[in-house]
Amino acid sequence: MSYFADLISTLFERASSLGKLSGRKQAPIDTLCRELLTSKGEVSGATLAQAVLNSYAASGDADKLAFFFQLRDEFDLDANTAKTALTAYQQNPDKKTYAAFMHAVDAPRLELVRRLNQVSGATAQLVAMRQDLLRLAIDNPEIAIVDHDFKNLFLSWFNRGFLVIRPINWTSQAHILEKIIAYEAVHEIDSWDDLRRRLQPEDCRCFAFFHPSMPDEPLIFVQVALTDAVSNSIQVILSDDRNAISAASATTATFYSISNCQQGLAGISFGNSLIKTVVQTLSRELPDLSVFVTLSPMPGFVSWCVGLNIQLDSPEPDDLRRIAAHYLINAK
Amino acid sequence: MSYFADLISTLFERASSLGKLSGRKQAPIDTLCRELLTSKGEVSGATLAQAVLNSYAASGDADKLAFFFQLRDEFDLDANTAKTALTAYQQNPDKKTYAAFMHAVDAPRLELVRRLNQVSGATAQLVAMRQDLLRLAIDNPEIAIVDHDFKNLFLSWFNRGFLVIRPINWTSQAHILEKIIAYEAVHEIDSWDDLRRRLQPEDCRCFAFFHPSMPDEPLIFVQVALTDAVSNSIQVILSDDRNAISAASATTATFYSISNCQQGLAGISFGNSLIKTVVQTLSRELPDLSVFVTLSPMPGFVSWCVGLNIQLDSPEPDDLRRIAAHYLINAK
Amino acid sequence: MSYFADLISTLFERASSLGKLSGRKQAPIDTLCRELLTSKGEVSGATLAQAVLNSYAASGDADKLAFFFQLRDEFDLDANTAKTALTAYQQNPDKKTYAAFMHAVDAPRLELVRRLNQVSGATAQLVAMRQDLLRLAIDNPEIAIVDHDFKNLFLSWFNRGFLVIRPINWTSQAHILEKIIAYEAVHEIDSWDDLRRRLQPEDCRCFAFFHPSMPDEPLIFVQVALTDAVSNSIQVILSDDRNAISAASATTATFYSISNCQQGLAGISFGNSLIKTVVQTLSRELPDLSVFVTLSPMPGFVSWCVGLNIQLDSPEPDDLRRIAAHYLINAK
Amino acid sequence: MSYFADLISTLFERASSLGKLSGRKQAPIDTLCRELLTSKGEVSGATLAQAVLNSYAASGDADKLAFFFQLRDEFDLDANTAKTALTAYQQNPDKKTYAAFMHAVDAPRLELVRRLNQVSGATAQLVAMRQDLLRLAIDNPEIAIVDHDFKNLFLSWFNRGFLVIRPINWTSQAHILEKIIAYEAVHEIDSWDDLRRRLQPEDCRCFAFFHPSMPDEPLIFVQVALTDAVSNSIQVILSDDRNAISAASATTATFYSISNCQQGLAGISFGNSLIKTVVQTLSRELPDLSVFVTLSPMPGFVSWCVGLNIQLDSPEPDDLRRIAAHYLINAK
């Protein structure tokens, strides 16, 4: 081709590529996935991605299971290619051999999920997709291997650096509060009135993590009671008869409930991060706050510790455990 | 340990772990990195991460180079472990062997960078870190292998699904507009007055991609002129003497400039995504818009196409190229 | 006084004037009002204003009534001064005599209320104050004359040009939605579930007017059902069994409920403004909307028309009535 | 008329009243004003208001002057009616006679301006209208009487309770910063670079008042330098060579410039309010701030005091003057 001094090229006609690919939207999901993985540029990628997500959303469990098997088998990495690339890298470790090896060990299903993520609202749908995967893997443990890749992708996407903390209170949006009611895991919330009692008083605080690509879905939230004394009873702390103190006069912050909201993010730990961030946030706002405690019902203590990654039996106690042990010994 | 019915454990004393680890903040960066990689929970991770980033920011090129060599060598993957794990996976591919293999091929430097990202503002600093890496790699090509990992992480973090498009106009914030002036790559902007002439008229549009974790740094932006006829001359389009038309009467949108802002995101392609998103955005707002063209000066045409990933010589033309070719043939 | 080249004068000591006037905060409300009216600059005006509002809020009906009598009598205009000023103006109408006359007919209680308005949150408190005034005036009609001034001030402050329209939907804040439930005047809302049924479906719309100085208090709101046919039955329109249509396919917008929220703004008409603004808003968003109707239960029809300032018996029918009559004749 | 159980009346046809009154939009402005004042409901009020404002905006000084004469003469109050109403009120002061008197002394031009305010953006245009009025009144003092009414309306509309304070800094929007450059009255700002030097450093602060109905137009702004010592020289305070201190270590806040932005709001005092609000704002943010001073160049000292309503010769010194005098005596 030869070109003019100021070259003009038309990138798009008004009839968007969406229209051109309308035929494909009816294609079965496995076909759509293959096309999505082979599409070169991003011109039609969004269309295919949306088509795959729509198809998946309309599927029943049988089709979803088939989809996960396709991810496991057809979009698997090629171990032989990987071995060859690894050997080449071992013999001559440079950028070229490393790149080839890294490419060989990146199962195509990972690239597929990355490409699915490009359309608006996709992240939430992919989290829901993993929720299905975990559920179906109970009776079909062979697909569990695919979850390893979903989980690693989410560990990268939901890195603490990308999470946003937001207070949850009575001025929060109703569609978010509705989820707080639904997801509250420790001390059930019965009604909107009950919710108001938990959020509106000045001695009640609640904070949640959100990811910017899922603005309507809290990932995890924690509830905190501000008191002027340490209490070991949640009934006392939340009692309607309590003398609700002003936030400024609080000396103690009691974290009495923490709830993970997304089953599709199981195994991805946000709890410690959230509690730590809330401690910093409250410390800045209320300089007289000096004690931070968690209140945990005995029955669930062990699993709660697991959920927050609190190691109580580790031979190498971290600061967390040492302080907890010290408190426990003195409290007995 | 035995526990009471309602167990209380103290998570934090007000003297935050920040204070306790103050000694470590003075430690050399290689020590800090080691500790960051071995720290168990996230209690002190943020402190170490901040310390590493501070130390890096205060370093000169020599120390930065040493840091990159540490990433390359000390935090390299172990090829032997990888080979063993791959063999085990090949013999018995299940979730366990797959996980072990995936762990073995994930170079520790990747986990280090993920952990660095946890503190506020870290993402922008890591992008700047890669900018240094690319610069230093010119004279030290041995560290280029580390860039493969940075780039792959960024490909995941800066996935189209996480980018946010924002209009850039005369009501945008000054500290953002300052960057538009600085980053404009095709048709230089001389002054704030010049910038106003490019942004304020009704027939001028500008859009940028942002990543939520770097809200003050545009990643890429495109400038568009709305006209009622196709023109092949940028001088005509931007002329102060032109009859600026109302947006509603425009039939043609000419993309006359596209500028990548982040050298640390080199090789990560945003151009096609941005142009496509802008076409959709303008189409929705201005139903009479029917022609979308790009205007490219001849001298830089080839590199511009490379920058936008427009393949003009591919044996498998995508929609983009077919339309461009068609236009070119007819325009001659 | 002689001054230096660059003169320095200290405006405030850190011990704010709030502290200095603490004694006055305990003064009775009538004393505080006198001081507020005579205070020269604005240095201590805010303090006095806050003190008056606090004192009023803590008062029972007897003290509030006394307060209104003070407004009526002590802060009344002086009719003799007014007459003198009017005569002077009549004889020589210029800016000076006009200003003097205008000042003479501006009862001091008007300036008092303007000065009360300066503190944060005062506007809402003044609206509540008028609500008390209207209530107490039932048994004490002598204070009704004071309401004329309150109403005129509010007519000025709540001018259509200052009102802001906001959609009310399921993403609105809970503390606002709580008021929608409480204020709904035509078709009672039983619960939060009931509210969701009214707000969340795509064929339901709700809009409210707010004043920027009272951001948490809707002034008036209207509920609209989008349908593809005109219906004369609210039960049909709101039925849970209805086929909720997509907004884009709606041809008819039925305004089925309008509720004034602020008793303290009685007699200040927002209804027509709101309905007109909503018609424009919906027309822009949904180009296929061509019919706008209101649905009104027979029993309350007359008072409803009064509330919306729809004159049905006026010898000079406005557009509104002519269209209504035309519709009625044809509908029989 | 008889009505059905559920009555339906059509309020608006899709062809809005705007279309029906298109003929009137071409009517001369005096005709439009008459219609605006006599229009009953609000159905066509907005249309007429917009037409008047458009007509005014397109007028030259001669037509504007004629408009102001119309306001003065045709829309004047009727002094005889006022006298009669006043007499009736004096004889029998009740709500009815008071209302009649108040109505008689409310010149129709006041209601006209209130009705003009109803359309979007009207407030800013009315402020500009008063700017014209003040300008034309220099050579035509007979229209000055009309300004009394404009000023009183604005005193009500721009009541401190309705103003919003916003920080102005380098992250503010460019179209607002452009006005700061233009309006800066004391220490001229030469360029955008100069503006950045005034706004971006940590020891520089700037705050402005806005009215919600004119969000793009600052009313007044003040510039503050944070220092750790009192200085009497603006050159020292703003010097590029100064050691810019951190805000947290500042002990002194020097208000070195205050600029009124709206000539159409002349005579309406915002200065004291703004300074007082800024003192409170800075005190809350920086607890170590203990001294607040203003820095005023000698030449303009007297007029500056007038502008801030600082009475230096009052026989009844307010707190402000006593402190200033005390400081001056000690500083000599």
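Should a chain be cited, it is by its letter among A, B, C and D, assigned in written order, with residues numbered from 1 in that chain.
Convention: contacts are C-beta pairs under 8 Å (C-beta built on N, C-alpha and C of every residue); 3 or more make two chains touch, one makes a residue touch a chain.
Computed from a predicted structure; not experimentally measured.
Participant: Where among B-D, C-D or A-B does the A-C interface show up again, with more than half of the contact pairs the same?
Facilitator: The chain pair with the recurring interface is B-D.
Participant: Please tell me whether the contact surfaces of chain C and chain D are same or different in residue numbering, using the over-half criterion.
Facilitator: Chain C and chain D contact each other through largely matching residue numbers.
Participant: At what distance in angstrom does the C-alpha mean of chain C lie from that of chain B?
Facilitator: Here the centre of chain C sits 49 Å away from the centre of chain B.
Participant: Could you give the separation in Å between the centres of chain C and chain D, each centre being the mean of its C-alpha atoms?
Facilitator: Roughly 22 Å separates the two chain centres.
Participant: Quick one: chain B and chain D, Cα centre-to-centre, how many Å?
Facilitator: 45
Participant: So which chains end up touching which?
Facilitator: After working through each pair, the chains in contact turn out to be A-B, A-C, B-D, C-D.
Participant: For chain B, which residues are in contact with chain D within the complex?
Facilitator: Within the complex, chain B contacts chain D at residues 170-175, 177, 191-192, 196.
Participant: In their shared complex, at which residues does chain C touch chain D?
Facilitator: For this pair, the touching residues of chain C are 1, 3-14, 16-17, 20, 40-44, 46, 79-80, 82-83, 86-87, 89-90, 93-95, 98-99, 101-102, 105, 114, 117-120, 122-123, 141, 144-145, 147-149, 152-153, 155-157, 159-162, 164, 212-213, 230, 232-234, 255, 272-273, 275-276, 279-280, 283, 289-298, 301, 309-312, 314, 316, 318-320, 323-325, 327-328, 331.
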